[in-house]
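Order of writing sets the labels: A, B, C, D and E. Residues in every chain begin at 1.
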Amino acid sequence: EDKITVFAAASLKNALDMVNAEWQKETGNEAIVSYAASSALAKQVEAGAPADVFISADQAWMDYLAESRRIRQDSRANLLGNQLVLVGASDNMAAVNIRQGFDLATLVGDGKLAMGAVDSVPAGKYGKAALEKLGVWSSVEAKIAGAENVRAALLLVSRGEAPYGIVYRTDAIADPGVRIVGTFPEDSHPAIVYPIAVTADSKSPAAAAYIAFIRSDAAAALFEAQGFTLLK
Amino acid sequence: MDWLVLSDAEWTAIRLSLRVSSVAMLVSLPFGIAVAMLLARGRFWGKSIVNGLVHLPLILPPVVTGYLLLMLFGRRGPIGSFLEETIGLVLSFRWTGAALACAIMGFPLMVRSIRLSIEAVDRKLEQAASTLGAGPIWVFLTITLPLIIPGAIAGMILSFAKAMGEFGATITFVSNIPGETQTLSAAIYTFTQVPGGDAGAMRLTIVSIVISMAALMVSEVLAGMAARRVERT
Amino acid sequence: MDWLVLSDAEWTAIRLSLRVSSVAMLVSLPFGIAVAMLLARGRFWGKSIVNGLVHLPLILPPVVTGYLLLMLFGRRGPIGSFLEETIGLVLSFRWTGAALACAIMGFPLMVRSIRLSIEAVDRKLEQAASTLGAGPIWVFLTITLPLIIPGAIAGMILSFAKAMGEFGATITFVSNIPGETQTLSAAIYTFTQVPGGDAGAMRLTIVSIVISMAALMVSEVLAGMAARRVERT
Amino acid sequence: MTLEVQTTHRLGGFSLDAAFSSDRGVTALFGKSGSGKTTLINIIAGLLSPDSGRIVLDGDIIMDSGNRSFTPPHQRRFGSVFQEARLFPHLSVRHNLTYGRWFAPANQTGQDFDRIVDLLGIEALLERAPTNLSGGEKQRIAIGRALLSSPRLLLMDEPLAALDEARKAEILPYLERLRDETDIPIVYVSHSVAEVTRLANRVVALEDGRVSASGDAATVLSLSALTSMIGRREAGCVIEANIEPDAGDDPRLTVIRAGETLFRVPKVSLPAGHAIRLHIAARDVLLAISAPQGLSALNIFEGRILEIGAEAQGAIDVRVDCGGNTIVSRVTAHSAERLALQAGMPIHVVIKSVALEQ
Amino acid sequence: MTLEVQTTHRLGGFSLDAAFSSDRGVTALFGKSGSGKTTLINIIAGLLSPDSGRIVLDGDIIMDSGNRSFTPPHQRRFGSVFQEARLFPHLSVRHNLTYGRWFAPANQTGQDFDRIVDLLGIEALLERAPTNLSGGEKQRIAIGRALLSSPRLLLMDEPLAALDEARKAEILPYLERLRDETDIPIVYVSHSVAEVTRLANRVVALEDGRVSASGDAATVLSLSALTSMIGRREAGCVIEANIEPDAGDDPRLTVIRAGETLFRVPKVSLPAGHAIRLHIAARDVLLAISAPQGLSALNIFEGRILEIGAEAQGAIDVRVDCGGNTIVSRVTAHSAERLALQAGMPIHVVIKSVALEQ
């Protein structure tokens, strides 16, 4: 049997662990996953890490590797999609209609709007793009609390530190401490995409098959159970 | 050398880091000395629990420490709400919170240094002072404290350096708000998270190193002066 | 109490963490002692540079340290490729690399403790030994070394505890590969990154605390024994 | 001022079980190395809490294991000079000396500073750090530090051991004045009989943690049982005497009376009637069967042999009664035979005056 | 074995500028507190690198600032007893004692261990940690440690200061044997004239970092200039003598000859012809204008007054020539007048034999 090593964005752990169990059951091949920040993983692949497959949380780091030819361009595909939602703490459960120019600033009031750091964390970058597109960025810019990652942003909301936050749908639905009060329109931000590719150094013949499996219908149910959408 | 020019936001982060690190170092000093005394000299039940608690920030991944800080010192946390109600001290999303996080992360390092120094103090000197009429507090202030200055300085510089480098617990606890909680480390981290951010990260890293080296050298000089006066008789 | 039951993968992470932390602590000890001696006793040009280098891992955000390690010790890095070619030691993406990262992160803490102890050694005892015929190396082995045992133990436990908690530099340098480089801290981190991971993070955090506390208590007992024998004459 | 001490304490294989009491003046602790002198001093100072014991100074219960009272060292104000100097390395010599002042009762802060600095010869050292002083310099500063702390009691553990004879000779008279002019009791550890004789009112001899003899200095120091501790060189007798009002014919001499015997000693500047103690080492006393003539010795007394001791190293200690005083003379066994010395025989005792010089 | 030392060194305000040389035997460094004795010892031991100087032991250049040669301390193998004991706190007493053995040349590892342990009375302490030993116990172990390190030279800085007379009396003869039976030169710092007289072949008197007098012990110790350093009590003369083959009529006495004078002293177990040094304190010597009769003193010599000193504290030192030896007697000014002592006058000198006891 064959063993492959997957470098994947940390937020995929729950879903990917299940998919990999399925893959092993079906093929007898084991997939070992190293979960970390996309940035770290990308740099590691660049430095010659023994990864066969890389799944990034955004296109930017996959592009980075594509530029330095550390992935097989032909194997690259968009694996998963996600949605950006506005979550409220337990005392802010009323639905919010997210549209052009909606009054987010008043909603947040004296508090903070928690989201991923807008310059570095993918969810933060998407959130900033959406707020700009909706014309509310300048009114809330000073109220942004940029977290290290989506989970931390979510924590700020669920702990009541911040009244509202912008996070991925996948994270929000699993947290009983917060409620999704609105979903950002798909067109308000660049598509949220988790791209996948085989690394240039991979010598594993199973890598391509793995990607095929992970994009199959069998895996789709597992991803969707976590709130992801499988991109075709 | 264009990439070496610092933006306003970066200057802000530098100033903030200096403030946060200095405050963290100075505020934790008295606590560090007190706890080090307790651990070096005290004999009480639960000493190893205190010792363990002190080391906790070292043992736990910084994210977990940040998480615990949020639980305790957040707006809704038991200590956080108490502090806000009684003395009006708000920590969450404030630079004060960043200072707290840094102080706590550096605390085990500070305590260890001071404790080692205390354990090296010749207790016979303290005895001599007591026969001359100095009560325990005076003995501490006039004999023990001056003799542990080198250790206290070592502890302070470790705490300061750690505060300059700390970011996991800080960002988890107080987020990454430019001008309020975005320290140099957080800014460096931000650069590392975007493709092509290397130059920026490098620039700020150099700044951080320069500051810390300067602090380090000052500390060495001070410790040297203190030690020269205290050489063994 | 079901959530307290550890999975096989978690047991693997625990074993790995113990190995990585112990190796990091033990391998860095001789270097720590040597560097501490150099800094405490040496007088040479560039001493403050050495001192600065030692403190670097404390000053830099762990991610930066991790990147630097990746650049230097990675398969394509100058030192990494040299080590692989000459002695066949591969660090990148191996547990050995995790141990290196942990050792380096704990190094400033270890050096400081040992250095403080060295500075507290009464040099008159070393002089006495030399008049009895002991050359510098023998003086070091028979007098200085035994006298700094408490400091060395303090340094070791700090290094060990830091290694248990370290993950930023490790995960950046050698990734988070289960069974090879996924330490307890990295596993905890992974749990914090997914919805519903809190219980898992908590479970592993408790394990980490228990291990470190046990190590801490052993170290206290050992240091106490050493100190009792070495009380000032 | 009376000090009462009673204590027992175990330290590993060593056990101390000692009791003594003393009035004002100097109590010397005397005993071989390892006999427990420092341990006893530490217990009195409060630095060691004994297994059991009771210390009372002037009715004030300093410590009593019976009712668990224990005054901490800083409230005892027992100035201590330790066997090792224990100077504060981070303070200058001056600040070491004045350290105790900060804690002394306000009215007692001494004007003595200059006097004591002068006495100890440490003016030149005042601004130095104690680190690189010589052994004797450190010890002198430790003495000064204790003296300047306005103590209620002084504990001195071999304070002069590191000093040269000349310096000792300067400090001893000061300690005598302290003894005579103040109320401060002094507990003094020394291996030197000469020092003890001059200073001590009472001697407590320790042997292996037990008090083997204690009482007034004259009695204890004359005990032949103590010879092993004192050393042959210094063994002899100690005589309590008083200054006579009538100085005799020569102003350079002082006449002192012990019982019926009048000693002429080099000038002592003390008032008539003042008590004085003479240590007369046995080796300094000659015997003569007839009154010697034309001898430089001024003190020639008639007496009667009380006892002829056993021969040791070719010498014999002869105890002679002179007007109520027992004087011990050591003569060679050869001379004892030649002069046919026998108990009860009348004899002349010859003591050089300068041997009695203080 | 000859040791030559010449050195200058500045320490803050203190400057040392000393030179001396010595053959085998004991060289005593004598001087007030702070005069530079310890500094000089440290320089010889190699623990202090002097500004300039030269040390030669038996032709072997140990140090020479001229050609920048410097043998590090551990290669000198100069066993040192420091003023403070400096025991290794992490080693048991036994291991402290045997520490030097590990580094001693193989053939020299001593069988002496038991003997020295016994001499110093430290059997009971062997397995103890040095931490809580008494002051004198520590010092004894420090002495043992140096003796057992098979040194080429012994440096001893007030080694006996912390000890009681009885213990001193036990250790001194051992040091004498070491001096007489081995080739190891000893540099010995002491404030005690008695010790120095017994032990030292040569005396180097230091005053404020300068050598104020140096030479053979008898000459230097008799110098009246040294009185201030020695203290009045011990001042006197030192006489070099030899054991006479003919012991005279009494086996309990030994006869020794200095020039034409024969002294009878209590038994000394040394072979005939052996050199011996007598320290005769001025206070132990009586003068008589006619030959005294029936006196217990065995040593009564005819002599002639050389010089009558100045009066000090009511006493006068009289120098008397007795068969080529100068003996100093201290008499009261009163006696001097009464006996009308004058230079050139014939006189009888009376010295107790026991005063000459070693």
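What we mean here is this: a residue touches a chain if its C-beta (ideal position, glycine included) is under 8 Å from a C-beta of that chain, and two chains touch if they have at least 3 such contacts.
As the structure is a computational prediction, the values presented were derived from the model and not from experiment.
Engineer: When you check each chain against chain D and chain E, which touch both of them?
Structural biologist: Intersection of chain D and chain E contact lists gives nothing.
Engineer: Measuring between Cα centroids, which chain is at the maximum distance from chain C?
Structural biologist: The most distant chain relative to chain C turns out to be D.
Engineer: Could you work out which chain's C-alpha centre is the most distant one from the centre of chain E?
Structural biologist: If we average the C-alpha coordinates per chain, A ends up farthest from chain E.
Engineer: Taking each chain's centre as its mean C-alpha position, how far apart are chain B and chain D in Å?
Structural biologist: That pair's centroid distance is 57 Å.
Engineer: Between chain B and chain E, what distance separates the C-alpha centroids? Give it in angstrom.
Structural biologist: Distance between chain centres, rounded to whole Å: 60 Å.
Engineer: Between chain A and chain C, what distance separates the C-alpha centroids? Give it in angstrom.
Structural biologist: 34
Engineer: I'd like the Å distance between the centres of chain A and chain E, where a centre is the mean of that chain's Cα atoms.
Structural biologist: 90
Engineer: Which positions in chain C are in touch with at least two other chains?
Structural biologist: In chain C, the residues touching two or more other chains are 63, 67, 124, 189, 192, 232.
Engineer: Specify, in ascending order, the residues of chain E that touch 2 or more different other chains.
Structural biologist: 84
Engineer: Residue numbers in chain A touching 2 or more other chains?
Structural biologist: Counting only residues that touch two or more other chains, chain A contributes none.
Engineer: What are all the touching pairs of chains?
Structural biologist: Per the contact definition above, the touching pairs are A-B, A-C, B-C, B-D, C-E, D-E.
Engineer: Please name which positions on chain A make contact with chain B in the complex.
Structural biologist: 37, 39, 42, 60-61, 63-64, 112, 114, 117, 119-121, 144-148, 152, 155-156, 159-161
Engineer: Which of the residues in chain B end up touching chain A in this complex?
Structural biologist: 63, 66-67, 70-71, 74-77, 92-93, 168, 171-172, 175-177, 182, 189-197
Engineer: Hey, which residues of chain B end up touching chain D in the complex?
Structural biologist: By the definition above, chain B touches chain D via 124-125, 127-136, 138-139, 142-143, 146-147, 229-233.
Engineer: Where on chain A does chain C make contact in their complex?
Structural biologist: By the definition above, chain A touches chain C via 5, 7, 10-11, 13-14, 32-36, 40-41, 43-44, 47-51, 149, 151, 170-171, 173-175, 226.
Engineer: Report the residues of chain C in contact with chain B in the complex, numbered from low to high.
Structural biologist: 48, 51-52, 55-64, 67, 108-109, 112-113, 115-117, 119-120, 122-124, 150-151, 154, 157-158, 161-162, 164-168, 185, 188-189, 192, 201, 205, 208-209, 212-213, 216-217, 220, 227, 232
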